[in-house]
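You will see chain A twice below: alongside chain B first, and alongside chain C after that.
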Partner chain A sequence: MSKPFFTVYCLIIYAFLLAPIAVVVIASFNAGAFLTFPPQGLSFRWYVVFFNNEVFMRAIRTSLWIAALTMVISGIIGTMAAMFYVTHAGKLKETVRVAMLAPLLLPEVLTAISLLFFVYSVGLGTQNLVGMIVGHVLITLPFVFINVSASMESYDPAWSLAAQSLGAGRFTRFRRIMLPLIKPGVIGGCLFAFIISFDVFTISFMLKGVGMSTLPIQLFDYLRTNFTPEAAAVSTCSIMLTMAVVIVSEKVLGLRIHRF
Partner chain B sequence: MTEVSIEKLTKDYGQGPAVNSISIRIAEGEFISLLGPSGCGKTTTLKMIAGFEDATEGAIRFDGRDVVHVPVEKRDIGMVFQNYALFPHMTVEKNLAFGLEMRKTPKDEIRTRIARVLDMVQLTGYSERYPRQLSGGQQQRVALARALVIEPKILLLDEPLANLDAKLREEMRVFIRDLQRRVGITTVYVTHDQAEAMTMSDRVVVMFGGRIAQIGTPSDIYERPANLEVAEFVGQVNIVRGKVGNRIVSTAFGDIPVSGDHAAGTELMLALRPEAVELLPVSSGADGVPAKVLSSYYSGSLVDYRLELAGGATVSVQTFPRTRFADGDQVLVHAPADRFWPLGSAA
Partner chain C sequence: MNVPAKKRFGPLLLIAPAALLIGVFLVLPYLNIVLMSFRMPGQGTPYGPGFTFGNYGKFFSDFFYISQVINTLWIGFLTTFICLVLGYPVAWQLARGASAFRAVGYALVLSPLLVGIVIRSYGWTILLGNNGIINRTLTGWGIIDGPLPLMYNALGIIIALVHVFLPFMILPIMSAIQGIDPSLEAAARSLGASKVTSFRRITLPLSLPGIQAGCILVFVLSLSAYVTPSLIGGLRVKTMAVTVVDALIDTFQWPFGSALALMLSVTGAIIVVIFGRLTVMKWKA
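After this line comes the complex of A and B, so read on.
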């Protein structure tokens, strides 16, 4: 493939991926009363409406909370699973991997329905966030697992042995030697967990309690009855938030992640 | 300084013993090598001394105290790994400080001890480097320094020179040996390289199939091997067979006096090192067995000859290249009777 042709090819792919996002962002600055493209005049009008809309604000707070808790829980369980998988699983290695990746392979809606049955049969119900967080952890776990086990593959077990011979106990070995060396994978996995949890619809929809809603659910609800640019403003904020998480962690942690 | 005593140590992974009831007493400050082919149990033994492997049976005593149930991190050992296992996210200084921090050593003492150990391994000025910025030999020396700076009871080295090129390996042999003498630390060194074991150790433990074949000084092992396997593992050897008579063995080299009980009439194997043999020109008329040169290989300091004796047996001989013989030359082979070493009855 010749060079200029390849450049054009790449540009087309990027355009294809980014155009819908651009349309949403542009539409959010619409001054008109309806979600149209191209917009009729530019204004921050719908952002003001959105920020004053307590229903949306509450949904965003709920989503952020759930995403944060999911990230922490999934990060811990996923990292432990990856450590077991790489160092201790032995003959069970393949079985462990398939089991950990199962949530990715099953249709999300099936997982959601089974979880719904599950939370009721164990008496948990959907009155609080516990069931929803369990669901979010379940579907984000594979991403943490994949990222951490990938960085574990380049971890030399002799490093832990050396630390042990120098007098480091189990916890010190993990904190001072292993964790800093697998940090890129752990942080990458946690970011994935946060973003996916923030974005997921099906699981949240099935496991939400009455009167509770996350941002994607609220947005979906809103779009069923309204068609104002406020929806675009909400989407744009959601996109910005996700990007902010990625960029900040890259800038703040990224440099340190890759420096040994 | 610590005396280490290994008593009837056994490791069984479930498919027969990998280490079979071995006993070694290591004196204070002694440098001991565990030598043997891969799978002989030498690394397993080292791991048991370090505590990375549990002993199935037996005792390991540091100054009389059994440490079998003491976990690695409490055993106070210094270990050098084959691939050095330096922490890649820490500078040389932090690598060296790690063990001292685990021991809650005060900050200024850590600093002085690191300076001292860096001087000892000739790496002063390298403390801010990361391991990946060092050459293999330098990484090796950092690994040694990291093991020594904690002033452990015992230093354990697991084939530490295996990843270095030949020239550096010889330098490091001398370096490690000198360092060990200066520090005076009891040391166990695992290797499959007989030259390494011989040049560095006070005593060598030769292991085969999980058992100790022989323990002795390098010259014991080389000149007075316990059996055929040991003789063949440490260097080249000619096996000369002969019939036992009255306190003598009749061989192609004539009658060799032997001590010890060997039933008359049986066949005995004798070890004869290639460099113990002298080659003389036929014209010298000296005392020797006539032979023909089959082939010769010149390697600078030595020449390796393959010879065929009059009786048809072949012998390897190493000589200094002062007098050269060509392939096909007739020569006289002279092997002093005291250079033969009995290995036992031929099967």
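After this line comes the complex of A and C, so read on.
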């Protein structure tokens, strides 16, 4: 294949990848109810409709709360597991890795269904947030694990040993040796857990209680019956939030988030 | 080595919360869903007392469900194949292209993954719907008289699924190609192989593990996709995952829904194993 042809081909694929997302953003600023090309004019009316829609605003608040809680729990559990994986796992290393990545490798819809049955079988139900939070922590755990263990790749147990021989206790060793090393991984993993939790649909859909909804669920319900660009305004705000988190972590904090 | 008990078990406390979480809330639920698929259907409750093979009997005796599995598998095959054909050149470009292009391209391939699945599927409804951009623009320009059927059919589902899962095809192939020593290709060229021959005999066979990983990933993901087929297919075209979730949410048929979900998963797993065997054989040959 000739080189210019090849470049053009790749550009077309990139355009294909971005098209539906770009279209959502453009539609949210469109004055009319339907998007045509070229657009009919610039307007913020759908944002006004969205900000005055208490149902969507409540869903956003719920999503943010769940994402924050998930981030903290998943961050702590995932970091501890990654520390074990790198320093103590020994022969179990491969087993630990597969188990920690399992939620990522199993089909989300099956995980969601089996978790729903399980919380009912043990009498937990879906009227409290426990099932939902557990599901979100499960789904986000691999990302924290991947990021933290990647940041520990250069870790040498001898450093900790040296500190110990100089009289540092367990907690001091963690705070002075381990934590500075894994901090970028922990922050990156937590931020990514936040994004995943904020965006996840199937798990929330199966485990939500009656009358409760997160932003993706509310959007999905809305889209089954409505097609107005209000959904585009909601989506654009959600995209902006995600992008803000990524840009802050990569540009301001200088982190490189591992997604796989 | 004689280690004090506290020191031996201390590190285990690090893994305990994760092990507990995965054991109790992932392993047990998966065992439970197998059990659930053998339970009796309930009257007014999600499931009744006692066990039966009836849920599987219902699946095999009703051609509706079998044909739906076949449809879902077919959509999965096509999605995987199109992803492979579209994605391979991009993966090659990302692995071997000019470096300025590579960084931007990598970001472009990854960024769709940061946008929620509901939003990406919604983007496709804006593009493909009867009142969508493509149809309204084409009608407006007088190219077509009525809207083209782009949504509420398998075509629309496949287009959107290809979009959603393309990065999962590109990334493994990209890392496989990155792992190939460029001097192998150079050697083939210097021995007189044409560009095509060097690609066919060197690059393609060596990137097979990446192709295999990408295909399995995309195939499994598209079989279990719920949001995209549900929004794009509407009520007219349903994939198995949509039928299963609807059976559980709307009609509370838990045992039968479990049997359906497991039948789809098992069929998918068998196909993945066969595919894995075939490609490994080919790869060794």
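Rule of thumb we're sticking to: the second predicted complex is superposed on the first by the 231 of 260 C-alpha atoms of A that agree within 3 Å, B and C clash if a C-alpha of one lies under 4 Å from a C-alpha of the other, contacts with A are read in each partner's own complex, and residues count from 1 in each chain.
We take it that contacts are C-beta pairs under 8 Å (C-beta built on N, C-alpha and C of every residue); 3 or more make two chains touch, one makes a residue touch a chain.
None of these values were measured; they are calculated from a predicted model.
> By the touch definition at the top of the document, which applies to A:Arg176: first (chain B), second (chain C), both, or neither?
Touch partner of A:Arg176: chain B, not chain C.
> Contact-wise, after the overlay, does A:Asp199 reach chain B, chain C, both or neither (first, second, both, neither)?
Only chain C is touched by A:Asp199; chain B is not.
> May I ask you to name which of chain B and chain C touches more residues of chain A?
Touching more of chain A: C.
> Regarding the shared-chain residue A:Phe44, is it in contact with chain B (first), chain C (second), both, or neither?
So A:Phe44 meets neither chain B nor chain C here.
> With the two structures laid over each other on chain A, which partner does A:Ala158 touch: chain B (first), chain C (second), both, or neither?
So A:Ala158 only meets chain B here.
> Which of the two partners, first being chain B and second being chain C, lies in contact with A:Leu166: first, second, both, or neither?
first
> What is the contact status of A:Trp65 with respect to chain B (first) and chain C (second): first, second, both, or neither?
After superposing on A, A:Trp65 lies clear of both chain B and chain C.
> Intersection of chain A residues contacting chain B with those contacting chain C?
260
> Which positions of chain B touch chain A when the two form their complex?
Residue list for chain B touching chain A: 50, 52, 72-74, 76-79, 81, 83, 85-89, 98-99, 102-103, 130, 132, 146-147, 150.
> State the interface residues of chain C toward chain A in the complex, per the touch definition above.
Listed in rising order, the residues of chain C that touch chain A are 11-12, 14-15, 17-19, 21-22, 25-26, 28-30, 32-33, 36, 46, 86-87, 89-90, 93, 97, 101, 105, 108-127, 129, 131-133, 136-137, 140, 160, 163, 166-167, 171, 220-221, 223-227, 231, 241, 244-245, 248-249, 254, 257-258, 261, 265.
> Which chain A residues qualify as touching chain C in the complex?
Result: residues 1, 6-7, 9-10, 13-14, 16-24, 27, 34-37, 76-78, 80-81, 83-85, 87-89, 96, 99-100, 102-103, 106-111, 113-118, 120-121, 134-135, 137-138, 141, 145, 195, 198-202, 205-206, 216, 219-220, 223-224, 227, 231-232, 235, 238-239, 242-243, 246, 259-260 of chain A touch chain C.
> Taking the touch rule as given, give the residues of chain A at its contact with chain B in the complex, in rising order.
156, 158-159, 161-169, 172, 176-177, 180-181, 260
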